[in-house]
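Heads up, the next two complexes both have chain A, just with different partners, chain B and then chain C.
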Partner chain A sequence: MSTETGAAAGSETSRIHNIGYRAYDGPRLGRAYARRSLYSQTLRGSFGLGRSAKSKVLPMLLFGVMCLVAAIIVAVAIAAPGTTKLPIKYTSFAIYLQAVIGLFIAAQAPQAVSRDLRFKTVPLYFSRPIEHGDYVLAKFAAMASAVFVLTGAPVVILYIGALLGKFDFGDQTKWFAQGMVSVLLLSVLFAGLGLVMAALTPRRGFGVAAVIALLTITYGAVTTVQGIAWSTGSEGAVPYLGLFSPITLIDGVQTAFLGATSAFPGGNGPGAGIGVVYLLVVLALIAGSYAVLMRRYRRVGL
Partner chain B sequence: MVRATTVEPVNVIAAEGLSKRFPRVTALDRLSLDIGPGVTGLVGANGAGKSTLIKILLGLSPATEGRAAVLGLDVSTSGAAIRERVGYMPEHDCLPPDVSATEFVVHMARMSGLPPTAARERTADTLRHVGLYEERYRPIGGYSTGMKQRVKLAQALVHDPQLVLLDEPTNGLDPVGRDEMLGLIRRIHTDFGISVLVTSHLLGELERTCDHVVVIDGGTLLRSSSTSDFTQTTTTLAVEVTDSDTHPDGTGALRRSLTEAGVKLVGLDGLDTQGLPGAGHILLVEATGEETYDLVRDSVAGLGLGLVRMEQRRHHIAEVFRSDEARPAAVPAGPVLQKGERTR
Partner chain C sequence: MYDPTVARLTYRALLGRRRAAILFVLPALLIVIAVAVRMFAGADDQVASDVLGGFAIATMVPLIGVIAGTGAIGPEIDDGSIVYLLAKPVSRPTIIFTKLIVAIAVTMVFSAVPTLLAGLTLNGNGQQIAVAYTIAALVASIAYSALFLLLGTVSRHAVVLGLVYALVWEALFGSLVPGARTLSVQQWSLALAEKTGGNGAITSDVGLPLATVLLAVVTVAATWYAGQKLRTLKLAGEE
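So, the complex of A and B:
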């Protein structure tokens, strides 16, 4: 209180803790450190660490589901006699559990960016050494890392299981590497799209809905139209239709380049030629998300 | 611990011909300023250019023309270095409700570049200095406006800046909270050794708190001088007396008696006496020295009146500006930036 020092000077007992103001002469670690701090705070926050117990429930539950499913697959593969490989490919895992990944992003992307916008905390960041680019980079990297932890951990569990099951080491390692590249690409793409949707809809409920809509509605629409195209005999259209939903984009890229089996109707994934288009679209979406975020935050001044 | 004043630069803030023009409005118009160490008030109506000036000083918004330096660093080239040494408290709400004050301020300290351990120690110290004790572990959402203002102040001070920019820190506070906040602002300089630039649209507040007041209007400098210049040019005595049987109008009798003695009386019309108890029964006497006090005392005694009070009355800054604004040339008719037009 304003009278604290004045009162304490007169009567020592009134304020036990009054030690006066101490200046800070220690190091000031600058922009790069602040960016790292923001990164780790956001990454931890995505799993509810450093936040209330309530906000740990959902991310930890989803993380648990991903790991549990992987563990069950491993257990089945090892228990069944005569198996020489895992029942599913490393690259297929994220496609099968895309709903879990979608939920995670829908819940955590708004928490990563919308809060700062909604409560107008952003000006406090920009009145400090970090700049718009640092903020966007830290948030993007943290979100991508969070999704990568979520999608990469079960792939690692599968790999460990495969090694315990004494499956062929060379094959497994190659497939595992392909799977990790695939989930890395998926993490960056999904994080970018999720953050853009969240940053453009500061109200939390809308942000969650927007992310779910983007991920699931496009997937539903694309697979439906693909199914129709397949059953009406226009198989040629199937690979191109996959360009219009994030998860089928990843499916297409990994089918073309990472030895995955496509989940498209009839396994009719894109070949190397169309695969390049898929890869370009994925990279363009990632770059586009980053550009949109930069633009969004350049407009948020003090 | 008060830092040695010699360490501080002579000019904390210097601006020269600073202009900021938006397509439709001019927010700052060739503003030149020199602000030294201490507590400086920046006064102006809404849209006078206060927030625009703060943005430029933090190196976040380039000036259209002119130059400005904060702590000797050029705002156009050393923005990051300035922001490391300066604290900023925004006018609006900026606190997430779901974290505790401690967690929030620690995070903000790290954003300012403090290592983790130092960030925690400084947070504990700073929150205590602004007057937050046990409640700092509770989520901010449950805080009163006064407590939230303290958290906002704490995050601006946590990295021990050399200068803090406080944008309307008394906004939304009740009179007691306002006084506490003003006392705290005073202490930021006297006890912590940190220079302060505080904005307000209320002159009266700054009169009590600041060493120096800068008034801007329509993006131009209206006036810049120390508060002692404003308030101590002349001393006026307010004298109130009782009536007696011999003098049913005591005030009138004293007025005549003092006028005969050659004492100059100040007219009531230009001065705000409405707020004082017994307004209308108060004589304002221009004191030229010790002898005026004696003369008033002797006159009152001679008339046999009771002296209710005789007090030194300071001019309020507002009066100084009222006479300024009466001159039409002093108020520029240029376009004034409206609040809503620039943030979106």
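So, the complex of A and C:
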């Protein structure tokens, strides 16, 4: 076929330069399409879909654990006679299972960005009609969606269970909506922090450790200090200390605005006043991690 | 059994620019917390025990163990540069042993030293609490390093697996299922601390003889098996 088109090219002298490659004249799907593909690939990839069986094990296991725990809670609530509501609040679920969520982010955030950096495929992405902002937006949105699926599914299971158990519809729906809002906030915050840590370290293993350090170590530190502040009689300091770790931030916001019960020592969560500070810090962290990612990718490969 | 060149390369890999940052941040955080707590609450044995047991031994030591243990060999296997090391006339168990020594040294320096400093800051070694937790950190460093070095040779998801062990098994199951505590490096090392500390200052769920035996067995077995794994190491591309 190449000989035909080559021969058709005209004069003898030009033949050597025309070996018959044809220009692409199909539809060009453009920037939005590329961004959407990047989003769906990353989202699927974070649950191991479209990747090897081995890489499905961990995310699916974590997802299974989340759903299983929710299902058990529902089963217990329905089986026990005379219950009128679930044994835990929708908002408490993610706080209880934060270790699972942390592991998911730690394992999947580096998966989403570190490998692109390490194998230097980022410049290849940018040779497509996407901009740096598109890449960051797609990865951020995909990671947040993945965490939202992980944390939202059990809340939905709890809600369906509550409705099947014929608990009060109005109350349950209201609490469910509050739970979903808190989970959404948590997903975006955690995805942002996880991606920032992962994007700073091209080594996958090291990114995992950095993410888990950010999420767990700060939580361990904050709860330890909170416990001490509580037991030594400086209860006033407890809500302020919660500002220093991601999960206690979410805890504080949902305690102040979403009717949750705080896991702080003595249930001493922030009131509406400090709650505003919590909300501002959360929003600042989300915006900050987005800005850091934009800045990080402005330089890569250029 | 100890190869200085392998050790030097491993030190450099572990303490390279960014990697060292996280190793410095964690101990610094512990010291900062210790200073803050001392200023808020004053010297108190129970508080000191809470901070050292709850934060230093339960979260900091395992995490540094994971970073040092898997970091000593994981990245090399991951990017395939381990073949250059394996091609040299150095026996595989020697490589593992050297890397283990390096990992132990790094873990000890970055976990036991800050634990001691934090303990001294918190209550000036009252009831031997600082020394007891430092001993626990030292012993735990050895076992964690051996365990996570083995993980590094077995799986390319070593860091995640190590964290699953440290966070899910020791922290989550350990607090819910009493039996899980018997199989936890943290409790074994606390058993040694229990003997050193004042009466009732530190408690462990495992007896001292059992803990010592288990620690020794885990360390030796993990090191031996890691050497065996390295002898038959298959290099696979990134999936």
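Things worth noting here:
Note that in this section the second predicted complex is superposed on the first by the 277 of 302 C-alpha atoms of A that agree within 3 Å, B and C clash if a C-alpha of one lies under 4 Å from a C-alpha of the other, contacts with A are read in each partner's own complex, and residues count from 1 in each chain.
As a working rule, a contact is a pair of C-beta atoms (placed from the backbone, for glycine too) under 8 Å apart; a residue touches a chain by one contact, two chains touch by 3 or more.
The structure displayed is predicted, hence computed values, not measured ones.
When the two complexes are overlaid on their common chain A, residue A:A237 makes contact with chain C while staying clear of chain B. Shared-chain residue A:G170: touches no atom of chain B or chain C. Looking at the shared chain after the overlay, A:R115 reaches both chain B and chain C.
In the superposition on chain A, contact of A:G82 is made with neither chain B nor chain C.
Of the two partner chains placed by the overlay, only chain C lies in contact with A:G227; chain B stays clear of it.
Of the two partner chains placed by superposition, only chain B is touched by A:F126; chain C is not. Within the superposed three-chain model, A:G267 lies out of touch with both chain B and chain C [touch as defined at top]. Touch criterion met: A:F206 reaches chain C, while chain B stays clear of it. Within chain A, the residues touched by chain B in the first complex and by chain C in the second are 51-52, 55, 115, 119.
The touching residues of chain C, when paired with chain A in their complex, are 18-19, 22, 25-26, 29, 33, 36-37, 40-41, 44, 47, 50-51, 54-55, 58-60, 63, 66-67, 70-71, 74-75, 78, 157-160, 163-164, 167-168, 171-172, 238-239. Considering their complex, residues 1, 3, 51, 54-55, 58, 60-61, 80-81, 83-84, 86-88, 90, 92-99, 103, 107-108, 110-115, 118, 122, 125, 128-129, 131, 155, 159-160, 179-180, 182-184, 186-187, 191-193, 343 of chain B touch chain A. Per the touch definition, chain A reaches chain B in the complex via residues 1-5, 17, 20-24, 26-31, 33-34, 37-38, 41, 50-52, 55, 115-116, 119-121, 123-131, 301-302.
Partner chain C is touched in their complex by these residues of chain A: 51-52, 54-55, 58, 99-100, 102-103, 106-107, 115, 119, 200-201, 203-206, 208-210, 212-213, 216-217, 220-221, 223-225, 227-229, 231-232, 234, 237.
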